[in-house]
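Order of writing sets the chain letters: A, B and C. Residues in each chain are counted from 1.
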């Protein structure tokens, strides 16, 4: 596994920054190994039942990034996050745009060596779901 | 470290699926590097004081897996999980059977190269606790 | 990436134990890959706005370590933690001294190969922030 560490600076949009790491680090089968930092404002997609309209919630900072997990590839990111609020309580959900770095975000990414992550639509769920495939030579 | 990525499909029991990865991937010193997904229903063991009866709580989905951590080996798993609920609040605890995958679960597992995880009972705690030992040749 | 696994025993202070791993494992660019366990008591620093006095909260155990993330190097640790309480609710924040291991803590640490983590003060935030630099030969 090839590993890289990154510090995001104040004002960065966390999801956009992760998306930009995909071509910058040539990630074809990336996963988040660790992530910590702080956000000045946050927006998450809530869990929902299939077929329901997506629900988003916004949170005023300062909040801490206390867990960051997921996979990254050219066909898409699937990243979940847990935030802690000033009273210590935690909120979490699916990372979407609108999570803005306050002072810093430290993210360590691993890139698997011999596979690549594809996201073909799975008829069972209606979403592009992770498919772990043998790595193809670059075209 | 040898690394493998896996997608679990709807209806899978998360703990059972992780247990099945141990022989399938020949894990002798495995750890969860990242885990995201959704559950249609969940059941967790709560923290408790030594000597108290175990307490379990069940949660109706949809909930998101927002953090998944722990170690895996033939002598047992020790996995903790954080879930986010439709209102964004988080619950967490010790992973037990009864966490059923809704649409997907993506799990990346690392296998340490030169050691193996054993779980001898520690008289100080009464539990089989992690012991990191030099890897033995396979019998 | 070089990887090591560690079990902390009852009574250990989690932050102090992680700090001791830095020289013991010669970590110059370490990150937490996974962490699970239990605490008999906990103390966290809450998120706060720049310029405000730090706020700490204490929690009586038993609580579970359900997520542990961050970076480690000789110039400092930046570690965030999520704990689950006996009712399943989660609290989180910045790891400080005062988190005491109850029965066990299992921590897996990765050390990046070609870089080292420095923490020069960033005038934009007033804190020592992560800087990922080429690894220097040891003096």
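Annotations
Following the convention adopted for this analysis, a contact is a pair of C-beta atoms (placed from the backbone, for glycine too) under 8 Å apart; a residue touches a chain by one contact, two chains touch by 3 or more.
Predicted model only: the values in this text are computed from it and were never measured.
Arrangement of the chains shown, judged by which pairs touch: all-to-all, with no pair of chains left without contact. Counting the residue numbers that touch the partner chain, chain A and chain B have less than half of them in common.
Averaging Cα coordinates per chain places chain A and chain B 21 Å apart. Touching of two or more other chains is recorded for residues 1, 33, 67, 82, 89-90, 110 of chain B. Only residues 1, 29, 31-33, 44, 46-50, 55, 57, 67, 69-71, 78-82, 89-94, 110, 112-113, 115, 117, 122, 124-125, 127, 129-132 of chain C touch chain A when the two sit together in their complex. Per the touch definition, chain B reaches chain A in the complex via residues 1, 3-7, 9-10, 33-36, 38, 61-68, 82-90, 102-104, 106, 108, 110.
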